[in-house]
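I have a structure here, written as C-alpha cells, and I will follow up with some questions on it.
A, B, C and D are the chain letters, set down in written order, and residue numbers restart from 1 in every chain.
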Amino acid sequence: MTMFQVRLHGRGGQGVVTAAEMLSIAAFLEGRHAQAFPNFGSERMGAPVVSFCRIDDKPIRLREPILEPDAVIVQDVTLLGAVPVFQGLKPKGYVLVNSTKTLKELGLADALDKMPTGHVRVVGATELAVRHVGRPVPNAALLGAFAGVTGLLHFASVEAAIRDKFKGAVGDGNVKAARAAFDDVAVPA
Amino acid sequence: MSALHPTVPFAITLDSATSLQNKTGSWRTERPMYVDRLPPCNNACPAGENIQAWLGFAEEGDYEAAWQQIMVDNPMPAIMGRACYHPCEGACNRKFIDTEVNIHAVERFLGDEAIKQGWTPKWETPDSGQKVLVIGAGPAGLSAAYHLRRMGHHVTIYEAGPVPGGMMRFGIPAYRLPRDVVTAEIARIENMGVEIVLNRKVEDIQADMKAGGFDACFLAIGAHLAKRVDIPAPDASKILDAVGVLREMETSENPPMLGRRVVVYGGGNTAVDVARTAKRLGASEAIIVYRRNREKMPAHDFEVQEALDEGVVLNWLSTIKEMDDEGSFKVEKMALDEEGYPQPTGEYETIEADTLVLALGQNVDTSFVQTVPGVEIGSDGVIQVDRQMMTGFEGLFAGGDMVPAERTVTVGIGHGKKAARCIDAYLRGETYEPLPKHELADFAKLNTWYYTDAPVTVQPTLDEVRRMTTFDEVHAGLDETNALYEARRCLSCGNCFECDNCYGVCPDNAVLKLGPGQGFKIDLDYCKGCGLCAAECPCGAIKMVPEDI
Amino acid sequence: MPQTKLDELSDQQKVKFYQKGTFTVGNRLVDPDKRDVQASQDRSNAITSGHRACQGCGEALGARFALDAAMRAADSKVIAVNATGCLEVFSTPYPETSWQLPWMHSLFGNAPAVATGVQAAMRAKGREDVRAIAQGGDGGTTDIGFGCLSGMFERNDDVLYICYDNEAYMNTGVQRSSATPPTARTATTPAVGDAPGNVFGTGKNVPLIALAHNIPYVATASVSNLHDLEAKVQKAMSLRGARYLHIFVPCPLGWGSAAEDTIKVARLASECGLFPLWEGELGVVTGSDPIRKKVPVEDYLKTQKRFAHLFKPERDEERLAALQRMADHNIERFDLLREDKEPAI
Amino acid sequence: MLKQIEGSRAVAEAVALCRPEVICAYPITPQTHIVEACGEFVKTGQLQNCEYVNVESEFAALSVAIGASAAGARTYTATASQGLLFMAEAVYNASGLGLPIVMTLGNRAIGAPINIWNDHSDAMSMRDAGWIMLFAETNQEALDLHIQAFRLAEQLSCPIMVCMDGFILTHAYERLEIPDQAAVDAFLPPFVPRQALDPADPYSIGAMVGPEAFTEVRYLAHDKQLQALEVIPEIHQSFKEQFGRESGGLFHTYQVEGAATVVVTMGSLAGTLKDAVDELAQEGPQVGVISLSCYRPFPRTELRHALEHARRVIVVEKAVAPGAGGVVSMDLRMALQGVDCYVKTVIAGLGGRPVTSPSLQSMLRRALKGELADLHFLDLNRGMVDRELARQRRGIATGPVAENLLKDAATHGAD
C-alpha cells in the first residue's frame, strides 16, 4: 500500500490523541509502520484538538503534519463551522462524523457529495460510548467505524489496540462500542 | 590531580588536607604564650601555701596528693584549716562571681583526713649532718623544725613550757581548735625525727648552742606578756589578762573563776575568744568593751558574729576609766573623729562586772637575748632581723611573734618555713633568694563565663545552745563530697587547668593538645595570632606577646 | 553566714558533678565521653590547618565544631556539600584543600539539592550509614539557596543542612543579605542618611521558616556555646530526614570586631537575646538555652563597628530601643530568662 | 522487542534499561512524559535500586543529579526549554566537575514570547557549556542514544545531553525496537566513577581554580570533547554490532556521495528532508542530506571530509542567533574553511512551525537556482513582518511585537 494518512478532529477530553495512538497500534499489530502524533498544544479541556496517524508498509520518515489526509474523523460536530476539518482531504478519501444526525441535517451533504459512495459516514459514536462505556468518549467507537468503512484494519486489530489502552471493564465497554459502530457501518447508509 | 587519585579531574578535585602545606603562621603579628600567673590565694597566704595546686589535686579526688602538696609549705593543715583567718579567701577571685572558695574548710578536711588515715609527709633529702636548735615549740618553731628536718638537718626544740604548741594551745580556745588535732599534728613532726625537749627554758643561748653542738639557732618563743593599761582599781584581783585566762584554761585543773558578769576590754580576736570562753564557763553576761566601733574592730567579722550569736554583748565606742569600790566600772563614751580615731565625749556610764579581762595585746619577753652580742631590740620590744631572718648575731635567727609582723598562727608557720630556708642556705654558706613572683592573676585576666554558678558550701555549725555551754568545736568539717565540691569551685586563676578551651576555640587547629597533664603547645606553623585562645582562656593562663617583625 | 544544724549534716548540698568550667571545651575532671568532641585529641579536624580564613574567623570555627561533632556521631561516615562562599573559598583554593572528609562544592544556591543527590546515591547503593551534610553561609542559605533548601525540607530528604550565619555576604565584601539585622552597616546598606545601616522590617527568620516545614529537627546554635552546639549536632545526627542547624558565626572583618572577640561577640549576641538559642521538632519549639547573664543589646552592639553609628556622633536612642525590643521579644518568645540556667551535666 | 510506543515512554524504557541509580524529575513540557514514566517504573519495581526524586525546580533537578553523580551513582534527568535555562548554572557546573550525568532535552523554544513548541533554541543556548550534545533523528535513535550516552558519559566522565525534538518525537507513537535487559547490560558496563565522594577515601571536589590553572582546566575540557570524537564512532560501531542498528555516530549521511548540494540539519527534520530531496530528485539533481547526530563536540574534520565535494551547503536549523544568523551554520563555516563551496542558512521550524516537505522543496529549488539568500527564514510571513516594521517606522507606540503580530494574524489571516 502507499501511505495512508488519517486526521482526527475533536476537542480536548474526547480522546482524539488516544484515538490516533490506538489507530497506530492497530496498524502496528498488522505488521505495518504507523506514526501517530498530536497537533501539539496545551492540553486543556474543550479546546479544538487535532491528531494524526500515518500508516505505511515501510518506515515513515516524514514528520510534517498531515496536510492531505486520506481520511478525516470528526469527533465533534461543533467544530464543523469553526475549523476547516476537510482541508486537503483527498478526493477519494474517507470521512467519519460523530453524530446522530444525517449529513443533510449537518449541512454537509453538498460539500461531500463528490466523495465515493460509502466513503462518508455519520456514526452516533458518543451515543454508543454512553451506552457501552458509560462516558461520552467517542474515540473507540469511531475507530471501529473506521475499520468498517475503510477496510484498512481488521476489527481484531482495533479491538487489541483498544484493549492496549483501556484495561478491564472500560476496555470491554469500548470494544463493545467499537463493535457496534463497526457493525453499524457495515450496513450501507 | 595527584598520584593518589590519578583519575580525578585536574585542579578541581584535590587530595585531602593538602592545605597543611600552607603555613599560615606567617600572618602572625602576635603569638600566644602559655604563662603561669600567681593566683591571688597563693599570693595572700602568709604560710606561702600553693593553695591552687593542692585544690587541684583535691578536685581530682586525690586527697593524699593534695595533702602532700600542703605539707610542702605547711606542716599543720588540720590546725591551719581551723585557726587560720584565711586571707586566701579574702583574695579569692571567685568572690566576684558568687562567693570565695571555702579554702580553709577544704584544708581542714585534708588535714583531718591525714590524721585519720595516718598519712606521713614524703621527703627524700639526704642527711646533712648539721644540727639546728629551735627555741620555742609554737607555730613558728614547729614549722621551722619541720622544714629544716625535711631539708635533712637534725633539729632539737627547747620548749620552756610543759606542752608543745604555744599559742595554738594557749591562745586559741578549744572550741575553735580541738586539742587532739594539735597533739596529732605535733606528734607527726616529732615522728619525722624532730626532738622536742619540754620544760627546758633557755637562759644563755650561746652556751646552749655550744653545748649542744648546734650550727644554727632559730628563736621563736612568741609574745606572751600581756599588755596592760592603768585602770585605777581598789581590787586588782578582779582584773585579769586575756593571755593568762586562756593559758589557765589549758594548764590548770580547774577553769578560771570569772564570775557571772565578765567584761572584756579590747577589740581583737583574743578579746572575742575570751568573751566566748567566759560564756562557756557559765557567765550570764560577757561584754566586750571597745573604744572604736564594730567596723574598726581588728577581730574578724565572722568571729564577732559568732560571738554575738552566742550572746556576747558588744559595747563599742567606750573606754574603761576606773573601777569603783563596788566593783563597777566607769566607762566613758567615745566618738570617732573625722579620721576615725576615738575621742572622749565626757559622757560616762557604769557597767557592773565580776571580772575585767584585759585583751590589749602581748609583748615579747626579750630579757634572755639582751646579752647576746649584736642582737637588736626595736622600740616596740620586738627583735630585729634582716632579710634572711637572722639577728645581729651570726647563726641566730628569729621569727614568729617575736619579730615585727602580724601575729597569727599562719604568719608564724610562714616565718618558720622562711627561716628554715634561710638557715638551710646559711648552713651551706649561701644566701636564700626567693624566686621572683609571677604576675598576679587578678580578676580582670579571667574569662569567667565558662565557670558555672556554684555558691560556697556551708560548713555545718554546732547548735547555739550547746555552743554556749560546751567547748565542743563550733564548726564541723566538710564531708568528702562537699570538700570535693568546694575544691572544684576553684577557678585556677592564672594557671592552666586543661579545660581544652584554647584547643577548642582555635579556628586554625593551631593549638596542639599534648595529652593529660601535658598541657598544650601552640603550633606556630599555623597560628595566625588571632588571640582567641587567650581571650577565651577562663583562667588567664595565655598571654599574647608581639612577634619580632 | 547561713547556718546549718549538725543534725542536718546528711542534707549537705548535693554535688553537681563538676564546678570548674562546665562551659569550657573540655575538662580533665569529666569522663572523656562526656567531654566535648572538640576536647578530644582524636577529633576529626574536618577542616584542618592551612586554610585561608581571616584571623578569628567564626565560620571556620563553627564548621569544625559542627562537622567534627557530626563525624563523631556518624562514625566519620559523613559527606559534606558546601555552597559557594567564604568557607568554600578559603578552604579549597587550588592546589590545596583543608578538608579531611569527602567534600564537594557545586554552586552558590544548590547545596541542599546537591546533598539530596548525595544522599539519594547513598540510599540507592544501600549505604545509608553514610550521612550527607550541606552547609553554606547566610547568603547561600537564606537568599540564593532558599528554594533548594525549602525543597529539601519539604521532601524530608535525609540531609542535615548547616547555615553559618554571619549576617551578610562576606565573601563578596560585606553586602546585605536577608539575614542582616536592622541598623547593621554593610556595603549595600551604608551608614549614611537618616536611618543609617540596614532598615527595620526586613529580613527573614529561616530557622522558624524551617520549623514551619514540620521537619524532624531545627535548631539555632552559636560558636560561643560549644556544649549546646555539639549536643544539637548530635541530636540532629540521631534523627533521619531533613534537619536544619543555624549557627551564629561572627565575622571580624565584616562586623568590625576584634579577631580575639569572635566568641565573646557571639556570646553577647545570645546573652542579650538578639540571637536566641532554641530547638524544635516537627513544627514545635521544644526547648531553648536560657540566658545565663543577661546583658543589654548595647553591650553586644558596641563590640562591632558595623553598629558604631548607633553611638556616634550621638546615641540613636530610638533605634537602640527598637533593637532592645527585638531582643526582648526573643527572650519572651523563647522563655530565655527562666530559672534552670545550669546545663544538665 | 518491537513496540508501538510513544517516543517519551520509549526513552524512559531505555533509561530504565541502563539501570540508573538516581533520577531527578521536574515537569516541563514536552519532556514530562519521560520522567513520569521513569517514576512509574521505580514505583512498580520495573526499575530497582533507583531513587526517584521529585524536585522543586530544574536547577534543583540538575543539582541533585550533580550530587548523586559525584557520590558515584549513575544519574539521569530530563528537561526542556526554560528548564534548561533555569538550570544553566548547574549545566556548566556538571561538566566542569566532570560528572557523567545523562540528561534528555525535549527540544523546545525559549520565551518570551512563551512558546511550548519545538525548536532548538534551548540546546543552542548551552552549546558551549562543556556537555556532549547528541541529537536524535528518530525515536528509535533517541532510545538508542540514551543507552550509548551512559557508556560514553562514563567512559569520558563528561555529562551528555540527548536532544530530541519536543512533541515531534517525544509525543509521536511509533514502532520501535526496545532492547532487552541482557543486551543492554552487555553493552553498558556498571558505572565505575573516576571520582566519588567516599568517607573511606576522602577528597575535595570543586576547588576554586585561579588564573594559574584555569586555562589548563578549560583546555582539558576541550581535549575531552576531542577525545569524544574518537570514542563516539567506536561506541556507534559497538552498538551496531550488538543491536544491528545505525543509531548514533557523529552524523548520518544520505545521498551525499556525488551531490553538489547537501543540506545539513539536526534532529527530526532530517526525515522530512530526506523525503523532500527524494521527491525533488524526480525533477532535478539528487540533493544530499547530512544530519548531525553529534553536535558537541562539533565533528569539524569529519564533516569537512564528508562535504569536500559539495558546492552548495544549506544548513537548515531550528534556532536563530538574532543579529548573527544560524548557529550550526557558523560552526559549519568554520569546519569548511578552504573548501570551495558556499554555505547558506535556512532558519526553519521555530516555535513549532511545521516544516513541510513542500516548503523544503520550494526552498531547495531556489537554492539550486542560486536564488537562496545567505540567511533565509523558511515560510516567513513576510506581510506580517513588513506591516509591523512599517508600524514601527511610523514611530507609533506599538506595544509588544508579539501581540501586534497576533492581532495582525487575526486581521489578515496567515497570508
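Just so it is clear, contacts are C-beta pairs under 8 Å (C-beta built on N, C-alpha and C of every residue); 3 or more make two chains touch, one makes a residue touch a chain.
Worth saying up front: this structure is predicted, and the values here are computed from it rather than measured.
For the criterion of most C-beta pairs in contact, the winning chain pair is B-C.
Chain nearest the geometric middle of the protein is C, using mean C-alpha positions. At the far end from subunit D, in terms of centres built from Cα atoms, lies B. The mean-CA centres of subunit A and subunit B are about 112 angstrom from one another, to the nearest whole unit.
Centres computed as Cα averages put subunit B at a distance of 91 Å from subunit D. Measuring from the averaged C-alpha position of subunit B to that of subunit C gives a distance of 47 Å. Centres computed as Cα averages put subunit A at a distance of 66 Å from subunit C.
The residues of subunit B that reach two or more other chains are 11-12, 14-16, listed in rising order.
Of all residues in subunit D, those touching 2 or more other chains are 97, 201-207, 209, 213, listed in ascending order. Of all residues in subunit A, none touches two or more other chains.
Listed by label, the pairs of touching chains are A-D, B-C, B-D, C-D. Across the complex, subunit B meets subunit C through its residues 1, 11-12, 14-24, 27, 59-60, 302, 305, 449-454, 457-463, 476, 478-479, 481-482, 484-485, 488-492, 497-501, 503-510, 513, 515-516, 523, 525-526, 528-532, 534-536, 538, 544. The residues of subunit D lying in touch with subunit C in their complex are 21-22, 24, 49-51, 53-57, 59-60, 63-73, 75, 89-90, 93, 97, 197-199, 201-210, 212-213.
Against subunit A, in their complex, subunit D makes its touches with residues 2, 4, 6, 30, 116-118, 165-168, 171-175, 268-272, 274-275, 352, 354-358.
In the complex of the two chains, the subunit C residues touching subunit D come out as 76-79, 81-82, 88-89, 91-95, 97, 99-107, 109-110, 113-126, 130, 132, 147-148, 150-151, 154-155, 157. By the touch criterion stated above, subunit B contacts subunit D in their complex at residues 5, 7-16.
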